[in-house]
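Letters are used for the chains, namely A, B, C, D, E and F, taken in the order the chains are written, and counting of residues starts over at 1 for each.
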Amino acid sequence: MAHPRKKIEIIVEAPLQKPVLDWLSSQGVKGWSLFPRVIGGGKHGERSGDDITRAFDNVMIVAVATEAVARAVLDNFHTRFADAVAVVYISDVEVSRADRF
Amino acid sequence: MAHPRKKIEIIVEAPLQKPVLDWLSSQGVKGWSLFPRVIGGGKHGERSGDDITRAFDNVMIVAVATEAVARAVLDNFHTRFADAVAVVYISDVEVSRADRF
Amino acid sequence: MAHPRKKIEIIVEAPLQKPVLDWLSSQGVKGWSLFPRVIGGGKHGERSGDDITRAFDNVMIVAVATEAVARAVLDNFHTRFADAVAVVYISDVEVSRADRF
Amino acid sequence: MTELLHLAAGNLLSPMILAFVLGAVAAALRSDLEIPEGAAKALAIYLMFAIGFKGGVAMHAASGLALAGAILAALALSLALPLIAFALLRGVWQQNRTNAAAIAAHYGSISIVTFVTAAEFLRSRDIPYEGYLVAMTAVMETPAILIGLLLAGQQKNPGMQARASERGALFREVLVNGSVMLLMGGFAIGWITGDAGLAKIRPFVADLFNGALCIFLLDMGLVAVRQGRAARSFPRALILFGLVMPPIGAACGFLAAAALGLSTGGAMLLAVLAASASYIAVPAAMRLALPSANPSLSVTLALAITFPFNVAIGLPLYLTLAQRLFGN
Amino acid sequence: MTELLHLAAGNLLSPMILAFVLGAVAAALRSDLEIPEGAAKALAIYLMFAIGFKGGVAMHAASGLALAGAILAALALSLALPLIAFALLRGVWQQNRTNAAAIAAHYGSISIVTFVTAAEFLRSRDIPYEGYLVAMTAVMETPAILIGLLLAGQQKNPGMQARASERGALFREVLVNGSVMLLMGGFAIGWITGDAGLAKIRPFVADLFNGALCIFLLDMGLVAVRQGRAARSFPRALILFGLVMPPIGAACGFLAAAALGLSTGGAMLLAVLAASASYIAVPAAMRLALPSANPSLSVTLALAITFPFNVAIGLPLYLTLAQRLFGN
Amino acid sequence: MTELLHLAAGNLLSPMILAFVLGAVAAALRSDLEIPEGAAKALAIYLMFAIGFKGGVAMHAASGLALAGAILAALALSLALPLIAFALLRGVWQQNRTNAAAIAAHYGSISIVTFVTAAEFLRSRDIPYEGYLVAMTAVMETPAILIGLLLAGQQKNPGMQARASERGALFREVLVNGSVMLLMGGFAIGWITGDAGLAKIRPFVADLFNGALCIFLLDMGLVAVRQGRAARSFPRALILFGLVMPPIGAACGFLAAAALGLSTGGAMLLAVLAASASYIAVPAAMRLALPSANPSLSVTLALAITFPFNVAIGLPLYLTLAQRLFGN
């Protein structure tokens, strides 16, 4: 009843939201969820999402996909979006409707 | 010190928020967290959460529970909420306070 | 190409946001993401994040780190923040840029 | 006829309606223009409180008896309109039972934005109306949701097991939904405090009203066009329903207005209420109560077809008719 | 006495107080009515800036010396009030040290919404007050947080290791917290720009004030009742503290007002400040500084008991007393 | 000179500029003061719609020909300004090609907040200006983004593969971006409805304007100082560019104003547009189009250096110059 899949999580600067979603779908991702306001800290300092421009905001994208798709995303993201402020990781999940992912 | 548990993640249309939370608790879920504004893409097209009605909004629910509870939720969700716009998956986590989940 | 890491997830009352982030960094966490508005249910009842004071709001912190750091956080969080309204758990993820976490 | 055209032009050239057009154009050009969600909700709260309050102040002179009659008439309309819509959708448009019931619920309810736009349309022409129209608005918000459920009949879907108890909860919830509380609460406060109360908050509830309505209608223009575009598989034939049902509703409104002995302005507003369809409260309630209905049908009809029709063509049309039927 | 009843009725029948009642009723009926979070915060910012600015404009005439005296008196009240509250909570209500200290901090601070409601109450009765009352409001916001910490004494909790350095940070933070900056900043801008400045922004800071206050109080009504309901295990006996402490605070306020030689309106406002308890800034600060205290006790007291008591009964009561004590 | 000092003092002592100072001070003191994100966006929408509308109303009298000339001049400035900035940044400040191009794009575009502050500065001194300045504002918003891309030249980064098609999309997007739609839409509505339209929404678009601007500038003060602090590795030498480029831009603006035959007020506003740099729309567009540029350089320059310079010193300076050059 339960089928193994991978969950891709991407935290990326808000201006790249659309290109990243477009690229994910070109990689075979069939669905995604997005959190529009994510505060963050890391190499680029604190990014607090309250600026008057969206240039310093983060969003988080979550997408459940097959292992092959997820590996391809993990392996190629930083090549495709070389200068992006972004963090990517994948993990195991189980779903019940295998055909949806 | 660390105890294995399962994390349930449910992305569901906003109007069903309350029935889903009620049902989770009836299934033995003892606690949950909810993200009130989740944009999404999938079979139903883009759901952007900016509509004037909440009918086309998504929320995400995260609940850590025992394996038995999580499996029951994964197996029965789509039967209980047959027509819902929703995606469900579970994964492994470790907690330190076993009695809380 | 892919490296195993741990993801730490912490749901904590909003007033403790800063102390928790400071402590995480003292434990070796190099980056984090934070969701500023998380509604929740559990032992303390419903925490709906719409109150006029932030005292009853939750935030969620996500941080990818090495296994050692993540275990230390999981083991020590409830000692360090003994009276905090909080839930913590960790899980496995894979990253591509090992040096960043 | 020239009179109607004159009214229509005057309506189309008000800043409020042009702001709606601006929103629609921006969305059609796929601009990223967006009113922040919280701001749109805050504007809606303001508009409902203000229109309720001003209606209550206008009640100061009126009798409680007139109010009681108006409320009964509102309930009667809430019962009749979804039945008519349902019959048409089943008989003429061949919709399945569930979708027909869901759409009927939307048309039995009302659109507050259409109402406040119409009230402003009257006010700028110095045409008075009865204060209790606001109470009728509140009363007509929610009963159609329940009629819609009854029309949908028994769901055989196993997912619907728990539905019975949920229906009870739904019933409670629709009675105290936020819009109803704001309209009736504002109305009560206006009624109690009267002109003295108005004097205290006039700059807020009266002077700012049109400007706030501009921004809200701008948002409505954005949302209406985006909804129309999102509904790709929308059956063309249904568009006609969205244009035919408003005049039918307006006719029912005029009948009720005649029964109540309303003024010309009041009759026009009641026609507007009956002609309008809900796209805020009802869609979410229907997702909960009738999840097997397709929400895209009903919301697209109410928001992208009936709403623009009513504000652009309906307002001058219903006023002209009201003036013919109820005197100048 | 009839005078008091008259005042009380006039107060209860203002649109502002009725809006509070509307919010309370909606929450009691479990309506989903909700002011969007951002909108409520924006309203609070507006109210604080506007009241600060108008206080500053009123200072234009006054002397800096009077201001200095007022600030000292405000500090004295901030010191005395939590001590009194703490003594009562320990001695009479048998609360443990930590909870007593936390509650005392809330009552030593002030409620800005109560203050602006009271200022509006005076304005609508044409009773003037000293502009520097606004500065006292800002001064009284935060010192009680520190007194509360001292009263709680040394925490033995191992989780509190880092507390010492955090206390330093807390001290800085409370001094520059947002409300203080807005009140004092608005006050300074009003003082500097005077009537010329007021002429430029009067429609915003003056004309809209009452209407904005209506919507904010509506939200307060929702929040107060929801907080009261959420606090299921609230000890009944404590309710009395929430009703007894405000008059005690008011008495202290009158003493300070006499020492400062305030006008009747000023004395009434100072009593209101002393009688009110914080439910915005202090609860979050206390979670940080005294996490072992139960926040539900203090917030329920301040928000669901003392606040409604003050706006409904306190305002006319304190004004009647002020008129007796300080002349009409 | 005394005239200039007088103007400067009058400017600095307006509630609007002092509100900016208040925000800056609060951020400098590390206060937690914060305007909710949705509220700041709603204020920006209001300011743009209102300034656009009022500009359109002022056009009622003017000829379409003047508008056409103004639009051409605006385009010419949008082309010239980034070229000048780019040349300076490459030649004098030794910036790399990408960063120079990105900064040039910011300075070729305009800051609407600076513009509305300047418009208010004129209005309070009863100095009229041409309504179509608003249309120039809209026109100057976005072309510089494309010039910036051209100046950056071919990116060799493999991550940029898909860039070509994205550039097409970017081009469309900048033309219909939200600010442009609001300014031009408001302008069109004002032009169409004229004084009759203004009469309907004057309390909203005119009376409230200054107060809303206060709160928005308060937020700008907070944001400017926080941005300045966040940019730790900002090269000191660049600060000078942020102070030198505005007067150069203003000079170009005066040239264009002379060519168009603008009034003193109009010339001053055009100088302000040319002197200002974008920190809302352009930074996000540049992250998309030129991700290898360092956004912290350009945003810090535009927001933390050029913006405060323009509102504090620029406004009186450009007005004095305009009065010398274009008559009193």
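The rule is short, and it goes like this: contacts are C-beta pairs under 8 Å (C-beta built on N, C-alpha and C of every residue); 3 or more make two chains touch, one makes a residue touch a chain.
Computed from a predicted model, the values in this text were never measured in an experiment.
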| item | value |
| --- | --- |
| For subunit F, the least number of touch steps when starting out from subunit C | 2 |
| Touching both subunit B and subunit D (chains) | none |
| Maximum centroid distance from subunit F, chain identifier (CA atoms) | B |
| Contact-richer chain pair (by C-beta pairs counted) among A-C and D-E | D-E |
| Fraction-based call for subunit C against subunit B, same above half, different below | different |
| Distance from the mean Cα position of subunit F to that of subunit A, given in whole angstrom | 34 |
| Distance between the centres, which are taken as Cα means, of subunit F and subunit D, whole angstrom | 40 |
| Whole-Å separation of chain centres (CA-atom averages), subunit A against subunit B | 19 |
| Interface hub residues of subunit F, defined as touching at least two other chains | 34, 36-39, 42, 203, 207-208 |
| Shared-contact residues (touching 2 or more other chains) in subunit C | 35, 37, 49, 91-92 |
| Chain-chain contacts as defined at top | A-B, A-C, A-F, B-C, B-D, C-E, D-E, D-F, E-F |
| In the complex with subunit C, residue positions of subunit E that touch it | 34, 37, 40, 157-162, 166, 219-220, 223, 227, 230, 232, 279-281, 283-288, 291-292, 295, 299, 303 |
| Complex contacts: residues of subunit C adjacent to subunit B | 9, 11, 35, 37-43, 49, 58, 60, 71, 74-75, 77-78, 87-92 |
| For the subunit C and subunit A complex, residues of the former touching the latter | 1-2, 5, 7, 21, 25, 30-36, 64, 91-97, 100 |
| Residue numbers on subunit D that touch subunit F, as the complex places them | 13-16, 18-19, 22, 25-26, 29-39, 42, 124, 203, 207-208, 210-212, 214-215, 218 |
| Subunit E - residues contacting subunit F, complex | 36-39, 41-42, 45-46, 49, 53, 172-173, 176-178, 180-182, 185-186, 188-189, 192-193, 197, 200-201, 203-205, 207-208 |
